[in-house]
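Below, each structure is written out as structure tokens.
Note that chain A is present in both complexes that follow, paired respectively with chain B and with chain C.
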Partner chain A sequence: MTRKKTLLMAALAAAALIVIYLFLVNHAPIKLRRLALTGVMLGCIYGLIALGYSLIYKASGLMSFVQGDIMTIGAFLGLTFFTFFRGLFGTGEEGESNVGTFILSVLLTTAFAFLFGILLEKGTIRKLLNKNVMAIYVVLATIAISYIIQNGAQIIWGGIPLPVPSVFTVLFVQVIGVRIQPEMVLCVILSAGCMIMLHFFMTRTRMGTSLRAAAMDAKAAEACGIDVSLSTGLTWGMAAGLAAIAGILVGPIYGVYTMLGANIGRKGFSAAVIGGYGNMYGAMLGGIILGLAETFVAGYASSTLKNLIAYILLIAFLFIKPTGIFNERAIQDV
Partner chain B sequence: MAPLLEVKNLHYYYGNIHSVKGIDLYVDEGEIVTLIGANGAGKTTTLQTISGLTSPRGVRGEILFKGKPIQRLRGNRVVGLGLMQVLEGRHIFAKLSVEENLLTGAYLRKDAAGIREDLGEVYALFPRLLERRAQLGGTLSGGEQQMLAIGRALINKPRMMLLDEPSLGLAPLIIKEIFIAIKKINSEGTTVLFVEQNSKIALATASRGYVLQTGEVVMHNTCENLLNNEDVKKAYLGM
Partner chain C sequence: MLLEARNVTIRFGGLVAVNHADVSVQPGRITGLIGPNGAGKTTFFNCISGVYKIDEGEVVFAGRRIDGLRGFQINEAGISRTYQVINLFRKMNVLDNVMVGMHSRLRQSFWASLFHSPGQRSEERTALAKARDMLKFVGLERKAGYPAGNLSYGEQRLLEIVRGLASDPQLILLDEPAAGMNSGEKAQLDVLLKRILGTGVTILMIEHDMKLMMGVADYIYVLNYGSILAHGEPAEIQRNPDVITAYLGGD
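== the complex of A and B ==
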């Protein structure tokens, strides 16, 4: 995208946000405001997961079913670090602020997940591709790895959800007149921060541009001196890092359990399709749309329907607008 | 003095398809040499194998660049030695701007000021790229994309440039422009080896030529002699 277009889009998005904010504050009933906030929070999580799908698809032309499980690992690992550092640095008193410890846990968890993502690509995906295995089998392999992680997590951490200690001293904050958990605000701020940083990294740095170049045309990138194999590994690492961040951020809100990532990860596919599979900005927007759609359906219709809406939207988009909101190429050339 | 590039008994196998069958060629520093031949003769395979862009498993034989064997190196390493290839079909990064495409060619360079300067030189050589610097690569015309592909290689200040069918799909006027640029690049010190289907312009541009046929060199001479050769005239110049 050209700079002018990016600025225009940013301005439009900001204007839309202000209008929505004013409407919510002045006219909307409290229930609608609450749903909007929850929807945005959940949408950020979907967005982070969908971003990973898009990065992987662009870099390798594949989809990875492990993404959701990396989120689970991130949640458990985050909880483990958080508990450990709280014991180390904190007094353990009730109502103590743990923001610093939490951020530290986020950073460490992300670093671990990043390495895991690289290893996943280098150790399995790349190995299979080098054997000239067809893409569909590589995708099947990711499904197998996904189940292995799910069952492994079950063995290590057990089947019952674990609570995460609160990060802040206060139990509630007021946002547009609604009392919500401060961890929800943190979740939105950190996710948005990740997305903005990813945008600048991918478009404004040499490293990021080289990753995009390698994803667009591997041979041309290699002919420019880019180590494409390393680039692909790094991209899988970033996708894993984003998933782990999603995991550790929802921990304090939903608790941590072995199917956490699997459930959210599956729906993340839908977010990616809504936005345009493979498009970074589409992934974020698709995530928010899905988050809002789910919460509103749960709030105004039924919570059974809530779990279906992601898949209904996915099929609907495939039929009506397979290129998603951002017009990613979805139809095969004939 | 040893040649800048020397290829000795090079073979390439796509699985069990034997595409390049024992090619010998050399290019001296400062030279401009062409490789001509019909479709499927193995020109692209030869060039990409020299650049490390084909699978190393299929390569037999020896490739020496600046006296060093490079046949086991991956493509990005070969670039680091100063050997850049302008790929057949141009391979522009469609969703990067013209300027981003060019800067990607300088990926291995660390001297920001030098890169800026050479970016200016590329724009001076191809003013049309300057006009379109913010445009996405994928939206350029074929001729502009070829200029961009050449500029992307040139910005890395290569010791040697390989070009694969720079005239592919272009109108005669643009082809002329492209070849003037190639000659200029060569006259400013870059050694050039290029592949062409358009034998007429190839033999008019280069000083020496190799004729490739089904994976083998069947003729090697100065372009002057090749232009006067009856077989070449009949088979490649349509005379």
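== the complex of A and C ==
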């Protein structure tokens, strides 16, 4: 995409956001505003997960079911770090600000997940691929690993959802006239930050460019002096890092439990398809569309339908627009 | 010798694709590799460039064993290559393709590139200027902003060559550079190969276009059923009865 076109699209998106904002503030009922905010927050989480799916698909041509469980691990690990650092630095009093310790926990958790992602690729995926195992078996292996992690987490942390201590001193903030948890705002800001950083990393840095090159054409990249095996490992690491961030961000809002990531992770596939499977920007947009669709269905139709909408959208997109919003290649060459 | 492949052998199951091949490449010259379809020419390139691991023999480049190294390490050692089937980063623009080609020559840290440190900026500027110069070298400077996939077939070939040259190799392996080029482009390729040689890059090339090959190559190896059938200067090769038989299929 040319620079001009990118700027134009950014401007259009900004204009659309301002119009939506003005509409919500001036005309929308409070319920709609609340649903919109929750939808965007949830959408950011789906987006982070789907972003990981896209990275993995581009780098390895595979899908990984472990993504959601890395999110669970991220949530538990984040909670563990957060509790530990609160005990270390904090006074433990009610209502103290823990923003610093929370950010520290986010960074540490992400680093751990990053390593986990690299190990997952190097230790299992790459090993299987080197044995010339067919892609379908590698995908099955990720399903197996996913269940191992789910049940392992169950053994370690038990089945009861754990509450996460609040990060901020205030319990509520006012956004477009709606009182919401400040952690929701943090979630949106940090998710958006991740996406923007990923965008600049992938397009502006030499390392990002070589990751894209390795994903586009492994043979050519290798001939250009790029260590494709390392690039692929790093990409899985980044995908894992994003999932863990999603986990730790969602913790203070939903609590932490062993099926947290599995549920959200599965719906993340839908977000990836809506945006165009394999497209970074599509993943984010798809996530937000899915988040909004879910909360609106829950708010205006019924909350039992809420968990169906992701899969209905997935099938609908496969039939009507398999290339997703960003027109990723979806039809096999024949 | 710049490159010495000795006794290179690779088998796929029962098939011996390259059979005890000895090939030497002298610096500053164009060495050609010809042979009928399926003779193992591209497989031989893959053996040198690290795509395949050879089963027997050794490859010595500039006095150093390079067989067993991985593809990106061989590029770092100073050999780059093009592919018979064009392998460009089709969605990246032409300039970025060349920049990726420079990858192994640009050494700055991840953090410096993320935060655009002054050192990195000046390196970036130098690299950009160099990339533009290289595009000028093959006359693609006006297409710098185009997605590589939108170029004509001949232009894509040229771009792949430039991307190969971007890593400042001592040796470039060209796998059928003239394939898919029109006659005008072919005529210019002749000149381009000489100019590449003029910049101090040695060429080892596979080519089916005999007119082109006999015109530019200083020395030619003939591969047939994986074995070296003959080698010599173009005039000798053209007279060699074994070569004529292999090509015409008579007995």
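Please note the rule applied: the second predicted complex is superposed on the first by the 334 of 334 C-alpha atoms of A that agree within 3 Å, B and C clash if a C-alpha of one lies under 4 Å from a C-alpha of the other, contacts with A are read in each partner's own complex, and residues count from 1 in each chain.
As a convention for this text, contacts are C-beta pairs under 8 Å (C-beta built on N, C-alpha and C of every residue); 3 or more make two chains touch, one makes a residue touch a chain.
As the structure is a computational prediction, the values presented were derived from the model and not from experiment.
Visitor: Quick check on the superposition: with chain A as the shared anchor, is it clash or fit for chain B versus chain C?
Guide: Chain B/chain C on chain A - steric clash.
Visitor: In the three-chain superposition, say which chain, chain B or chain C, touches more residues of chain A.
Guide: It is C that touches the greater number of chain A residues.
Visitor: If we overlay the two complexes on their shared chain A, which of chain B and chain C does A:R212 touch? Say first, second, both or neither.
Guide: Both partners, chain B and chain C.
Visitor: After superposition on the shared chain, which partner residues are touched by A:F201: those of chain B (first), chain C (second), both, or neither?
Guide: The second partner, chain C, only.
Visitor: In the overlay, answer first, second, both or neither for which of chain B and chain C A:A221 touches.
Guide: both
Visitor: Return the residues of chain A at which the contacts from chain B and from chain C coincide.
Guide: Overlap of chain B and chain C footprints on chain A: residues 2, 206, 209-210, 212-213, 216-217, 219-228.
Visitor: For chain A, which residues are in contact with chain B within the complex?
Guide: Residue list for chain A touching chain B: 2-3, 206, 209-210, 212-213, 216-217, 219-228.
Visitor: Taking the complex as given, what residues does chain C use to touch chain A?
Guide: On the chain C side, the touching residues are 49-51, 70-72, 75-76, 80-81, 83, 87-92, 96, 99-101, 103-106, 108, 110, 113-114, 116, 145, 163-164, 166-167.
Visitor: Would you tell me which residues of chain A are touching chain C in their complex?
Guide: 2, 200-201, 204-207, 209-210, 212-213, 216-217, 219-229
Visitor: Can you list the residues on chain B that touch chain A in the complex?
Guide: 51-53, 74-76, 79-80, 84-85, 87, 91-97, 100, 103-105, 107-108, 134, 136, 152-153, 156
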